[in-house]
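Once you scroll down, you'll see the structures, which are given as structure tokens.
What follows is a pair of complexes built around chain A, which joins chain B in one and chain C in the other.
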Partner chain A sequence: MHQSLPAAVNRQQMLASRRMRQASLGRALFLIASALFALVLLVQVLHASGAIAAGFSDWRPVLYAYLVWGIALGIRQVLLRGERGLRALFLLPAVLFTVAVVIFPTVFGFYIASLDWNLSSLEGPRFYGLGNLIGLFHDTYYWNALRNMVFYTLAVSGEYAIAFGLALLLNADISGRKFFRVVFLLPMMLSPVAVSWMIGKSLLEYRFGPAATLARALGWDNPAFFASPWIARFSIEAMDAWVSIPFIMIILLAGLQAMPKEVLEAAKVDGANGWQSFWHVTFPLMLPVSITVLIIRIIFKLKLADIVINVTAGGPGGATDTMSSFIYRVYRDRSNVGYGTGLAMFYLLIIIVLLSLLLRLSHRWTQKVT
Partner chain B sequence: MTIAALIPNRKPQAASRAKRIVGRTLIYAALIFWAFVCLSPIYWTVTTSFKSAVDVTQGHLIPWLDFQPDWKGWRSLGLSPDTIFGTSNPREEFLSRFGNSIFTSVGASLLALVLGSLAAYGLSRFRYKFAWMRNDDILFFFMSQLILPPVVLALPFLVLYKALALLDTRFGLILLYTLTVLPIVIWIMRDQFNAIPVELDEAAFVDGLSVWGAFLRIILPLAVPGMVAAFILSLVLCWNEYFFAALLTSTDAKTLPVMVASQTGSQGINWWSMAALSTAAIAPLVIAGIFLERYIVSGLTTGAGK
Partner chain C sequence: MNNREHDQHHPLRPNRRTVLKGAVSAAALGSTGGLGALTEAALAQSNLRAQISQIPGIGKGAPTDADWQKVGELCLGPTKANVKEGEFKGVELSFMGLNNQNLHNLLFRGFLKPWEAYTGAKISWIDLAQADYNPRLQQAIATGTVDFDILEMGAPFEGDVCGKGLASEMPEWVKTQIDINDYVDYLKPPVGTWNDKTYRVTIDGDCHNFNYRTDYFSDAGLAKAWKDAGNAGDWGVPKTWQQVQAVTKFLKGKKFKGQNAYGYLDAPKPWGGFGFYFLGSRASAYAKHPDDKAWLFDVDTMKPRINNPAWVRAIQDVIDALPSEPPDQLNADPNTTGFQQFLAGTGSMIPWWGDIGQVAKASDTSVIGDIVGFDILPGSDDVYNAKTGNWDKLASGPNHAPNCAYLGWGVYVMARVNGDEKKHKAAWSAAAHLGGKDLSFWTVLYPSGFQVHRASHFNIDEWVTAGYDRKYITSYLNSQLSSYNHPNRAVEPRIPGIFQYYSIAEDELTKIFAGQVDAQTGANNIAAAWEKLTDQLGREKQIALYKASLGV
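So, the complex of A and B:
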């Protein structure tokens, strides 16, 4: 290209001034959107607190204003930062969504937790400070539910053992593997609520349930699966295990199939029998996968609720209560929003502490082994 | 192709032959036992929907041999051959709940797929820096949403949705369900995009495509298998969700699990109609499980073994 020097400079200037214009346009747009968002929010807050009469009938316009603000933020990124802005645009929607739907409600939840607020009382919310927190330390049902959660969490090890066995079976030299894999996967697809009826309320039913009939035939005179605390706890755990073992099994199976075959062959050449080669070769090699799946499983176990709510509603005497089902009842039966949220927030803190400990431990452990 | 086929058949020595037969018998016995454990509740539910009261109380199990199947349960739902064309209130209600379930789970899965794929592509290709957070921190931020138990969000959402007039709406449920499956979608899709070589992006840039052009026209079509897996997995999770639906819906947006649960609660409910309802509620996913097992497994096993 033969370009005279002044022309090139001119072009540069033009580009620069265009970028300046774009940048100021982006800034202006974003400023307007922010102002709009703030205005809508302010009007609605004032309206809700009764300071001004004008306002909207509900808070939905605030949601729309947030949406507009998010779009303006995206446009600003592109106009101001060009290529890097285009890249940021990939991440922005998910981040804005998560902030709106998780971060804000969680923070709001801590606020509700500090209120004395019962929906069924006429008084409305009242600031309560740490009252709910103090209250929960005296709530024996809360600690009972927490103890049950310890049991349910420890029971994950049993689920893991069964799932590992099943994965080994499916990984063995068998025919009809596809059939068995589909069948073993099926329980995972079923909704826990349907399972509550299918197993909890009909198969295990005291009078006509086939499981009760079978138990009678085997010599258990009084096959009440949900009457005494420990049996009820185990019945609930068995149902939850039935639904969730397939998940653990599938992931362990994938791990087994990804394992180098030479190692097992070498063990066989060295004269290791089946048990030895499992214990000294397969199991250690599967440790990273195992830890991953166990942590995911524990995370989901800590949310266990549906089956308990629908089968026993926590009974007998709170013996099968999980944290979620207990808080669900605090809300549903007692309409105690403030206290319920306080319980939930405290539970969240326990979970966060527990899981960060678990992650750190597992990290250190895997590093030591491998 | 299975791995089993790749292992050459060893010639069994006479001594170990008997041991081998015993071993194989045990393996098949265990497999069949667990298949029985998995299938019997489903079998029981499906057959019970065709039973009358006597057949239930006497514990009859095998149709035609033990008891004469009848459309009893399905008639009470208005879905048996003789009632399907008549008017039926239970059927109306069932179909509206069924529709709500489909609408919310498909809507949430699609929304999560869009948001999640974009974020996953960004995290897989570019390096971000947001305050102190880098790519790994941002990924952890998304993944950490998984640990939030539904109870923590349920009550704040109840209050918020009341203010936003989103209580008992399908849109409100879609937002929440999107949130619960978004981490999983991001996880699966990031793995998917990581498996696609960066050279393809670079070739697209050379051809004059922008970042978004390369993503939409070159990379996204290649990521379809992962998207299908992520979509089906989120569909399963949303379809089965009960906790939020139970708290946040009352009449209009009630989903199928809430309907099933409300029926189990009432006393004196007929077993056959309950069984028919349960069968209808699980049927879509059982069918999906049988035909789409490959995608579900590939979605679940993303990142395992690494």
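So, the complex of A and C:
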């Protein structure tokens, strides 16, 4: 049945008018929610800073106002943009959540980093500008920890080589393959804190540790694993590697299994030996997987802390200290919140720059090799 | 018995004067008819103490939760005298304390269960590991989120809590209930007080004493080797740090009972600030002059003394001794030296809190048992005078300065209960129960994390009745009491952020001990960092609080 033209026009006008009403309602709702959020936030900021007496006992009402604002934003999207708004609703909660738990804390972290704030100070926090940043450039402990991080990060290449070897082994047709796959994964399932105690403080213990006893039997008179700087550094790296190699290995193994078998067979037909087919076929094909796993591993490595804190507390003489274990001491043992946050924020920037460079270089290199 | 040992025994020994005074007092009480009643009460208390001392019995394994509850139940008498049954029904209290290996909150739970059943109050627990304790407390203070009513806290934090008005003042009835006058002198005000107000129920007394292996120092073979090596004096327990150094170096490379022999055990690895106390114990005899109450900072300026010749000498002693200590000693913290080395049979001398004496005898974790003796910390032939810049030799002989490190744990009630009368009374009643005179006797008998802190804890007969060997416990208690009562004791500065100073020092000390910088340079670095911290915390306020803490 055909509608007459005036009726269709009439209906369109009605729809347009309804949309306008909805849009106005959406705008109004959003404006009210925004005003409410801004008001609650302003009142609480003024109250917390001591400017006004009225306010809330905690910041929870601000969170509620943010939630209300988020809901109003969602309604506004639907009322204003219709179908497109509905689609945006799928993304909006994730965006709001990310803003609340990632972006806001990061921005707030930069604010805290600009304060001279020691929890024991009777004066409380005071604005310090770039003081903490300038301070860290003169902090020998910070740069010592950063130097150690270079060592730990470079050691990832060793972990990668071992993990690749194990992955190749587990990918080969060996007996007990399934058993070894599970066994090799076990260290990854252990908490680094448990590893610190089981290995660092028991197995490697100087007096009664089995590793020390074995070392003595092999002719090392004083098998002290944490008393000299380089041995301590290698011992810490070995423990961290033991926990992490299975992670690298399992990702590489997944990559190997996904690799087309025909390519390797073709290499074999062409007369390539084992090493040649690995170096010229397997390794280049595995580069994207390798780079992904290396980047993830380096990110984890840059956060190394628990084993160091538990086993050596950064010693001897800062030889095993990491950025995280140093920040931990500044923040926790010394309650130096402003400086500790400053150190963490600067380290974050270093990591972002480093990883961006690494990604760009690896991208170029992958393109060149493949 | 030399003069010093005689002095140590003096407070415990009856003499003509005290016997006569006691007889006169008894006669006076008898004439007023009070003697009978008092004797009965004293007898009942004595019976109670004897009864709880057998739970579970020394040498009969580690006490369990059932034992703690039994002790808590038996010690409810003082609570019942001040609180009616069910008086606190509906009251909920939050208790923040430690859950570390030395028990603390685990004990409190057991002790307070019968108290909860009797009074009707309910307690919720905030359990913290020792390392988490300081940051949690500081955050609560700084962010104004004190979410606990009762707090187990060490005296070093009093500046942070009491100095900021966060604690509730102790009511008079609590002072009576816990018999506050029974505390040993060094734990009496100014400790536990701020601006003349009392805040703390003391449950612990802390000082470092000197623990040594009696078998090492009575061994004829070692005595002969000592003489043969041309050492001066007889082989015996060192009385000065100079002797400690000599013995430690002498034992290097020797065997004792089939194992490597070691002398003194240093604890160079950082331990959340607590490790600094162990350098303090080496330094106190050098740095704490009898004419000067201060030894860590100049009292008028807060200028650090850590880089003065006395402290640098102590640091150098550690550097000199480390090559004669176990090869992995650089990675040993005080927990290692105390529990994994000394109590496990390695080494012959360590300073520690009184836990060593308790654990050696009353815990299954020790292998050394009775072959341990105790003394106050070694002295020094000379002492540095920070005012004149000279090393003085005292006419009285070696300078001794027991390190009253940490001053023990206490229970504090927070000011937030002040607005609610019922809650206020309930919180203080719980604190008073934990700090009760008889209950405290049990905690110092058994592994608990708490050491002797009352005059009434020094009745040796009670310890012998409980199962301790008389010679052993006499040596142990004398080392404690002589430290507490020593006129030249080095007392913990209860200033805000004190553990930050210690933590910073630990970081630098580990560099010194690893050979990266020399003792003087490292000490200068610590001093510079301390100056910076003092400025950050507010120099004038720190000076005022430091003076208050030293009572000057």
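By our rule, the second predicted complex is superposed on the first by the 370 of 370 C-alpha atoms of A that agree within 3 Å, B and C clash if a C-alpha of one lies under 4 Å from a C-alpha of the other, contacts with A are read in each partner's own complex, and residues count from 1 in each chain.
Assume contacts are C-beta pairs under 8 Å (C-beta built on N, C-alpha and C of every residue); 3 or more make two chains touch, one makes a residue touch a chain.
Remember, it's a predicted structure, so these values are computed and weren't measured experimentally.
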Worksheet item: Is A:13 touching the first partner chain B, the second partner chain C, both, or neither of them?
Response: neither
Item to complete: Applying the touch criterion given at the start, work out whether A:324 contacts chain B, chain C, both or neither, answering first, second, both or neither.
Response: first
Practice prompt. Could you look at A:157 and tell me whether it touches chain B, chain C, both or neither (first, second, both, neither)?
Written response: neither
Discussion item. Between chain B and chain C, whom does A:224 touch in the aligned arrangement: first, second, both, or neither?
Written reply: second
Fill in: Which superposed partner A:116 touches (first chain B, second chain C, both, neither)
second
Discussion item. So in the superposed three-chain picture, is A:24 touching just chain B, just chain C, both, or none of them (first/second/both/neither)?
Written reply: neither
Worksheet item: What is the contact status of A:310 with respect to chain B (first) and chain C (second): first, second, both, or neither?
Response: first
Practice prompt. Give the label of whichever partner, chain B or chain C, reaches more residues of chain A.
Written response: B
Discussion item. Looking at A:207, would you say it contacts chain B, chain C, both, or neither? Reply first, second, both or neither.
Written reply: both
Worksheet entry | chain B and chain C contact sites that coincide on chain A, given as residue numbers | 207, 331-332, 337
Worksheet entry | Of chain C, residues touching chain A in the complex | 131, 134-135, 138-139, 141-142, 160, 163-164, 268-273, 326-331, 333, 340-341, 344, 346, 496-497, 499-500, 503-504, 507, 510-516, 533, 536-538, 541
Worksheet item: Which residues of chain A touch chain C in their complex?
Response: 116, 118-124, 141, 205-207, 222, 224-227, 229, 232, 311-319, 329, 331-337
Worksheet item: Which residues of chain A touch chain B in the complex?
Response: 57-60, 62-63, 83, 86-91, 93-95, 97-98, 101-102, 105-106, 108-109, 112, 165-166, 169, 171-174, 177, 180-199, 201-203, 207-208, 210, 213, 242, 247, 250-251, 254-255, 257-258, 261, 289, 292-293, 299, 302-303, 305-306, 309-310, 323-324, 327-328, 331-332, 337, 340-341, 344-345, 347-348, 351-352, 355
Response to the item:
Within the complex, chain A is touched by chain B residues 2-4, 7, 27-28, 30-31, 34-35, 37-42, 44-45, 48, 56-57, 59, 61, 114-116, 118-119, 121-123, 126, 128, 138, 141-142, 145-160, 163-166, 175-176, 178-179, 182, 186, 210-212, 215, 236, 239-240, 242-243, 246-247, 256-258, 260-261, 264-265, 271, 274-275, 278, 281-282, 285-286, 288-290, 293, 296-297, 300-301, 303-305
